[in-house]
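There are structures below to look over.
Same chain, two partners: chain A is paired with chain B first, then with chain C.
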Partner chain A sequence: MRPTAQALFAAVFAFVLLVIVPWAIRVTHHDDFYYTLSSVALLAIASGGVWLTFYIGRINIGQGAYALIGGYASAIFVVKAGLSFWIAMPLAGVVCALVSVAIGLPILRLRGVYFAMVTLVLTEVARLSALALPITNGAMGITEIPPPGPLGLFGFNLLPSFASFANRNQAFYFLCVVMMMLCFAALYRLVNSRVGRLFAALRQNEDLASSMGLNVPALRVLAYAISSFLGGVGGAIFAAIAQSVYPSSFTVADSINFMLNCFLGGLGYVFGPMLGTLVLYFGWDLLFQAGQYQLLIYSGVMIILMLVLPNGLLSLRFSRKKGA
Partner chain B sequence: MAPILQVKNLSKAYGGLIAVNDVSFEVERGEILSVIGPNGAGKSTIFKLISSFVKPTRGEVLFEGERISGLAPHIVARKGVVRTFQETTIFKGLTARDSVVVAHHLRSRANLIDYYLNTAAARRDEDEFGRSSDEILEFLGLGEVKNEIAGNLPQGHLRALGIAIGLAANPKVLLLDEPFAGMNHDETRRAIEMTRAVRERGVTLLLVEHDIAAVMRISDRIAVINFGSKIAEGKPAEIQSNDKVIEAYLGVEDESIGI
Partner chain C sequence: MEQVIVNGLYLGAQYALIALGLTLIFALMNVLNFAHGQMYVIGGFLVYEIYGRMHWPFVVALFAAAATLAVIGGLLERFLFRTVIRRSLREESTMLLAAGVAYFLDAAILLLFGEKQHGVPKIVRGVFVSDNLIIPYDRVLVACLAILFIVAFVLMMQFTKPGRAMRAMAQDRVAAQLMGVPVEFYSLVGFALGAMLAGLVGGLLVTITGVNSGIGGPISIKAFTMVMIGGAGVVGGAILGGFILGMLESVGLSVLHSYGDITYLAIFVSLLIFLSIRPNGLMGKPWG
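For the complex of A and B:
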């Protein structure tokens, strides 16, 4: 895309999310939609991280672990250390990035299904740690997390405290959507920069890349750390919305969903995880009517979709263009 | 002048299997040295040891007098010892040009943050690498196909692209593992010319190759490996008339060394 087309696309996207959607919600009186869409946005952020690990050629089924760590970290920063949410959220991401460096250095040497299996275990390890550690308060979790306070920058008041908003769901919606746009803009920039090309080279052939002087272990860990940072930010926002975090806030099922979101949207497209998360989230909800058949239909549809559209939903748009 | 590369008493055992057994040889600056031997003789393993992808069980490799065994492979590459691979020596999903640009990475002065922010330093590198890539691709006869996805190129072009990627890393010593494999007669002839031209650029070349005729034409010297051990070393003419070599080739399979 040319830069002007890019800017136009971004502007339309932002306009829809920040103006059209709130307007539609107001006229239809579907206020609960704010909550649903906030969840989609924060899950999309975490899925975007998973997408980046796919981008370097690793199947990551462990993002739930970092979402959980991020949720707890920000809860602890806010409740126990008295930090503002606006500091705690990025800090939670940093904590996750640091943890992921320590974990990633050894496990990123694994490839394919071996790496995937280890990451799958990570979520369970995170859950058990949350149950066992004193600071996370065991099964009781951390509750009554105060809503985000005022946001100021250089003495300017950018945002009042969330407690002062009449419609707090709407405030959270704006928070989630803005964060999602920021994260995906950063991700887009990343994969379209030279760094992205190095990552792509890694995915194609790690041995050759290191023979060409690329510091493959360092680049792998960098991608994984960014991925985990996004997981942590998603988790931190989740904890703020739910005002609580429990060991079961993110489970293995969530980790799998983060991965499926990427598959569904399309691994070849940065914005794939956003679409994938939206479709999967609503798809699952719609199937609620199907009662006991919910999981069966869901899994069946997923399998068919992957067979019919191996490159994800976004490939539809691109293949149509090619035909025209 | 001292040899650019010294392989000293190199051994590598995989469990009980001794893949490389006490192999020593030296490579002079600017020469083309070929390593030949029957399948499974240990040639690729020697390359892996030199490029430090695997650690030797015994022995060491010196590059410009300095020990490089045990260093990380990307550090060895940065020092100037660059290797291509026997099977896939390309980035399948990238275009030919992008592959070569990526392989310029170790020449870059800008850091990752520069890349991300696309600062002046990053753009300067980018321009320079683009120009240099075009030049290398042209040089290896890939100018026409530079925007094709590498994985879609025919075998002859693939091998040339492998060499292009190797060259982009600015090697002092380039290790090519079976660069002529799968080429027809014409392609081989052109590849030999290319390889000679690479040497003219001041690159020392180490080759593993099964195409004996090609090896005889291109090499300054040849080392012969059989069952992990070096059984002969010398000029092509000496190797052709070496009894041990003829025996090794005739003994293992019906592949004659006939030129």
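For the complex of A and C:
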């Protein structure tokens, strides 16, 4: 895509999310959609991180662990250290990135299914630690987290306190959507940069990349740290919306869902996780009417999708282009 | 102390049987079967229905559960996994399929059997009591049966023609195909066999722990842990991993219980450390 087309696409996307969607919600009086869409945006951020680890050729089923760590970190920063949410959120991401460097250095030596299984175990470790550690308050979790305060920069007041908004969910919607666009713009930029090419080289053949003089261990830890940062930020905002975080806030099922979002959207496309999250989340919500058959239909559709489009939803567009 | 060791051995025997099925499917097809725990649950519920509610003999119920799971496994391989492996650009896609199947089976189990915990009458009554050892006889029987099945499985893999073919496939699928092994047929057989083992152990354990529709996921995670300890795709590793996890769990529960519920946290953390030193587990081949 040419730069002008890119900018145009981004502008249209932002316009739809920031103007058209809120307008549609106001006209149709579906205020609960704000909450749903905020959740989709946050889950998409975390899934974007998972996608990046897929991009270097690792199956990551451990994003739930980092979302949980991020949620707890920001909650502890806000409640116990009294920091502002706007500082706590990026700090939570940094905490996750640091943790992931410590964990990633040894476990990123594993490949294929071994790495996948270790990350799966990691999610359980995070949940069990949250239950056992004293600072996380065990099964009670951390509750009554105050809503984000005012955001100021160099004396200018950019945003008033979230507590002063009449419609807090709307405010959170804008926060989440803006964060999602920032994260995915950064991911897109990253993948199309020199480092992105190096990541792609890792996916294709690590030994070959190493023989070309790449510092393979450093690069894969970098990718994993960015991935975990995104997971942590997602988890931190989630804790702020819910105003609470529990050991069961993010579990193995969430970790698997993050991975599924990437698969469904298509592993070859940066914006795949966004689409995958939207489809999976709304698919699940729409099936709510199906009552007890919800999970059956949902998983049935997932299996059928997998049979028909094993390379993700976005592959539809690309395969057609190839044929034309 | 003797009690702890006996408990560990008993747990280990059943765990090893669970891990065997998972590792078999992984070795033959490179598929991480997320639905393994759900297959275990189906086996448990079938035995509950046939033996517990219809009061047919336990052996018949166990046989029926194993046969049903073998058919389910065969169908899954033939119509789902084989198709996706052929069409997909990336091997990992089978993981999404496996997760989808796990959800599907979870939902089906919930609809068919409900969410209640179910138990069945004991197969053998009585308890063995000595100075410092208490073992119910039904646990002895289940452990013996589990070990019997493990031995039968290992003998089958070592000395029969299908066993040899499957071992060859696990080593190198393409080479096996070039030597005239019908790999598609044996993939089907292997998947059916793996599912059957899951159903078998589910059917055995329903007599002791009972069964409910929510235990599938945790069972799968335990099975993954065992396979990682022993090394993925290696029969000996699965058995070893099963016994080690059983022992760790038994010892951990008795040693660590004064510190609260941290046995599994300790096991998982030591697993992470162990794997960063020995990435392929105890007996695994490099990079699965």
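The working rule: the second predicted complex is superposed on the first by the 320 of 324 C-alpha atoms of A that agree within 3 Å, B and C clash if a C-alpha of one lies under 4 Å from a C-alpha of the other, contacts with A are read in each partner's own complex, and residues count from 1 in each chain.
Here, contacts are C-beta pairs under 8 Å (C-beta built on N, C-alpha and C of every residue); 3 or more make two chains touch, one makes a residue touch a chain.
Model, not experiment: these values are computed from the prediction.
The superposition on chain A brings chain B alongside chain C with room for both.
Contact with neither chain B nor chain C is seen for A:V16 once the two complexes are overlaid on the shared chain.
Taking the C-alpha centre of chain A as the apex, the lines running to the C-alpha centres of chain B and chain C meet at 70 degrees, rounded to a multiple of 10. By the touch criterion defined above, A:A81 lies against neither chain B nor chain C after alignment on the C-alpha atoms of chain A. Legend: residue contacts after superposition of the two complexes on their common chain; A:L120 is shown touching chain C, with no touch to chain B.
The larger set of touched chain A residues comes from C, when the choice is between chain B and chain C.
Judged by the touch definition given at the top, the superposed model places A:N205 against chain B, while chain C stays out of reach. When both complexes are overlaid on chain A, the residue A:L190 reaches chain B alone and has no touch with chain C. The least CA distance from chain B to chain C in the superposed model is 11 Å.
For the contact definition in use here, the chain B contact set and the chain C contact set of chain A share no residue.
Chain A meets chain B in the complex at residues 189-190, 193-195, 197-198, 200-201, 203-205, 207-217, 222. Contacts from chain C toward chain A in the complex involve residues 26, 30, 32, 34, 80, 83-84, 87-90, 92-93, 95-97, 99-101, 103-104, 106-108, 110-111, 217, 221, 224-225, 227-228, 232, 260-262, 264-265, 268-269, 271-272, 275-277, 279-280, 284, 287-288. Chain A makes touch with chain C in their complex at residues 54, 59, 103, 106-107, 109-114, 116-118, 120-122, 124-125, 128-129, 131-132, 252-253, 256, 259-260, 263-264, 267-268, 292-296, 298-300, 302-303, 306-307, 310-311.
Residues 51, 53, 72-74, 77-78, 82-85, 88-94, 98-99, 101-103, 105-106, 112, 115-116, 118, 122, 126, 165-166, 168-169 of chain B are the ones that touch chain A when the two sit in their complex.
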